[in-house]
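Order of writing sets the chain letters: A, B, C and D. Residues in each chain are counted from 1.
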Amino acid sequence: MILTLLKRELKVARRNWIGLAIPLLFFIIVVSLFPFAVSPEAPVLQKLAPGVIWVAALLAMLLSLEQFYRSDYQDGSLEQLLLMSSPTSVAISKILAHWLLTGLPLVILSPLLAVLMQINYGSAGSSHTWVLMLSLVLGTPTLCLLGAVGMSLTLAASRNGLLVSILIIPLYVPILIFGASTVTASLENMRYNGELAILGAFLLIAIVFAPFASGRALKISVG
Amino acid sequence: MANAWRWFHQLGSPKYLFQKTGQWLPWIWGATLILLAVGLYYSLWASPIEVRQGQGHTVRIMYVHVPAAALSMIAYIAMAIAATVGLVWKMKMAFAAVRSIAPVGAAMTFLALFTGSVWGKPTWGTWWEWDARMTSELLLLFLYLGYIALHASFSDRSKADKAGAILAIVGVINIPIIYLSVKWWNTLHQGYSVTEEGALDPAFQTPLFLMLGAMYLLFAALVIMRLRAEIILRNQKARWVTEWATGQSTERGDA
Amino acid sequence: MSQSQDIQFDGLYAHELTVSRSEQVLLEDADLHLAPSTITYLYGENGAGKTSLMRCLAGLLPEDHGVVYWNKKPINHPDSGYFQDLIFLAHSLSMKNELTIAENLRFYANLRLKGRVHQKSLSNDISGVLRELGIGGLENRMFAELSAGQQHKVALARLMLEPAKIWILDEPFVNLDQKTRGWLADKTLAFKEQGGVVLFTSHHHIDELPVDQNVGVEHE
Amino acid sequence: MSSWHEFIFMGKHGAYVWSSYLMTLIVLLGLFIGFRMMLKSLKQKAQQEAKAPSGERTKARKLKVSPTE
């Protein structure tokens, strides 16, 4: 069942690829602003890199959220999905699609940004880029899961767009803290296992609660 | 037990709740004013200044800051409990309670931030420090404002109630996570701990506890006032509301 | 509270149903029985609550009060099988612009039948229905490329592709040409002959379709 | 507290202490007045509605079931 739903999500998204590409482009462009705004010097950029890349990733996730939910709600297909399958499985398929089409590309693009932000300055051949990717791999699914709850809640609301950001950003703070500090720890040649473990714990908690909450919220939005 | 259950059910009736709260409110206000008068007397006049840490008179800010901060958290938890009751038992008055707690809780959060900031200036020389508690309070304020914004964005109130309830519950799961994360992050950056916990001198305890009690009651009174308005707002078409408004009913309904 | 055992009615039965929308009570304590092998015409002025009643009967809009039973079981009861048996066609067509006609139809058929369907014969069925509807050969067109009338026909095609026991149709005849109205009326009658339950709304009587029951949403 | 002077100036921290208490007062009083006005305006609205002819009130509808022959 979830597979059928997921296949549909992926197919619709693929046909609408430009909508997916824009948040990714945004991700890159926002990060590339910082050298202009702060300083192009490598040590400065390197210090900023974890935070900047993580904030940009978080905003890109928020931006791309809309298209996985909004059109289904507006054209009435969401209520058909909810009639024929459980709300939780609808939520799961959307969360998975959102991660596969936004979270995963962000992870794949992050080494490019690591280069732009001079993450390997002064320590050639180090594993900082891998740590960044790993933190995003563990962190972005949680962003998808929480974002799904927020988006499902605001579907039927009249003022939308920025509303979901207001609801969700406070909940994103812990992920941002540990995501960025994983990378910072690596840059400072400290152990970062603890941070990664906490990111993993957040992910597990979110997996338990978020699909259910999002499903309930979808049902309420349609009702 | 059966009695408690029946009472719980009666509270679900808007008319009953409106009448009962109308009876309670004067008593709560009376107790609030008495406690507040005594509390203010102690906190502003009859209590010593702080000498050990050199805070002097600024310790008096604590007597409003600590109650406001405590209430900001408790109010959110109360919201989440009422939200759960509303969702599980489909109790509309519980949703009305959630909506009524939110503005008062947000006000308490704002006051905790404001007084914390004003306390911070003379104590550590800056209006704002990214310390764990202040940062958590700030995020808590965003959660309250998020709830209010979400609730206001629906034209259909029952949808607004349910969506808001889910948000409140998701938020309350996140509050400890946010708090612990921010605390960990804060120690990482060696920030101050403003509200550093030490054994509180008994001389400061009396005004603090009095003010805590007064502010709790004040909070309850304000929430009940808001709840009564909310009940009328939600039942404008009911006959008993018309009777109450036109004074045809013998039952006491005025606040 | 009525227990489900008390219910004697087969088919869809709404007991003391109260429905409201945005604070407004549209319908109070309504009893409605849609028996197997009947066609029911739901009428009422605009805004009377026809759509809300249908959405409530479809389990989408939560009722304020009352219970909806399907074959003597509350519709949300796991054993009622209601959502397997129900096709609800709403005013919005519920089709994705980004998918082709065949993809849209195949998705819904697969979702309903949980994938237990022979894909080849489903494709044939889709082609057959589209031909009957006069849009044969358009299977691989994007849904967005069709005219409004054609899009409407695609939505109706679902009725032929997904097995069901009850149809709830919101304005199915609107914007249809003469020929398709006849087609839909024929298919509805055939569905009724097989024991199906039909509830539909329309602005005016459909001459092609004899109904068994008229239900009006009216002031008393 | 030893004198009125000290009470008002709070050492040299009078502005900090009093602004905290003042802001608390303003915010809570604001809520009090706001909620009171809210209830009052709702009461007035209900009174006006009671005076309005009852025909204006929308009534819930019933279902009229009529079998065809």
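The rule is short, and it goes like this: a contact is a pair of C-beta atoms (placed from the backbone, for glycine too) under 8 Å apart; a residue touches a chain by one contact, two chains touch by 3 or more.
Because the structure is a prediction, the values reported are computed rather than measured.
**Q** Any chance you could check whether B-C or A-C wins on number of contacting C-beta pairs?
**A** A-C
**Q** Hey, which chain ends up farthest from chain D, C-alpha centres compared?
**A** The chain lying farthest from chain D is C.
**Q** Go ahead and note the Å separation of the Cα centroids belonging to chain A and chain D.
**A** Chain A and chain D have C-alpha centres separated by 40 Å.
**Q** Could you tell me the distance, in whole angstrom, between the mean C-alpha positions of chain B and chain C?
**A** Each chain reduced to its C-alpha mean, chain B and chain C end up 48 Å apart.
**Q** So the centre of each chain is just the mean of its C-alpha atoms; given that, what is the distance between chain A and chain C in Å?
**A** Taking the mean C-alpha position of each chain, the two centres sit 38 Å apart.
**Q** Distance between chain A and chain B based on Cα centroids, please, to the nearest Å.
**A** Distance between chain centres: 33 Å.
**Q** Among the residues of chain B, which ones contact at least 2 other chains?
**A** Within chain B, the residues that touch at least two other chains are 155-156.
**Q** Show the residues in chain C shared as contacts by 2 or more other chains, in ascending order.
**A** none
**Q** Can you give me every chain pair that touches, using the contact definition above?
**A** Every pair of chains meeting the touch criterion: A-B, A-C, B-C, B-D, C-D.
**Q** Please name which positions on chain B make contact with chain D in the complex.
**A** Result: residues 44-46, 49, 56-58, 60-61, 64-65, 68, 103-104, 107, 110-111, 114-115, 118-119, 121-122, 218, 222, 225-226, 228-229, 232-233, 236-237, 241-242, 244-246, 255 of chain B touch chain D.
**Q** What does chain A use to touch chain C in their complex?
**A** These residues of chain A touch chain C: 1, 3-5, 8, 11-12, 15-16, 71, 74-77, 79-85, 222-223.
**Q** Can you name the residues of chain C that touch chain D in the complex?
**A** Result: residues 18, 24-32, 44, 48-49, 210-220 of chain C touch chain D.
**Q** What does chain B use to touch chain A in their complex?
**A** 139, 142-143, 145-146, 149-150, 153-156, 159, 162-163, 166-167, 169-171, 173-174, 177-178, 181-182, 184-185, 188
**Q** With touch defined as at the start, can you tell me which chain C residues reach chain A in the complex?
**A** 58-62, 83, 86, 88, 90-99, 103, 107-108, 110-112, 114-115
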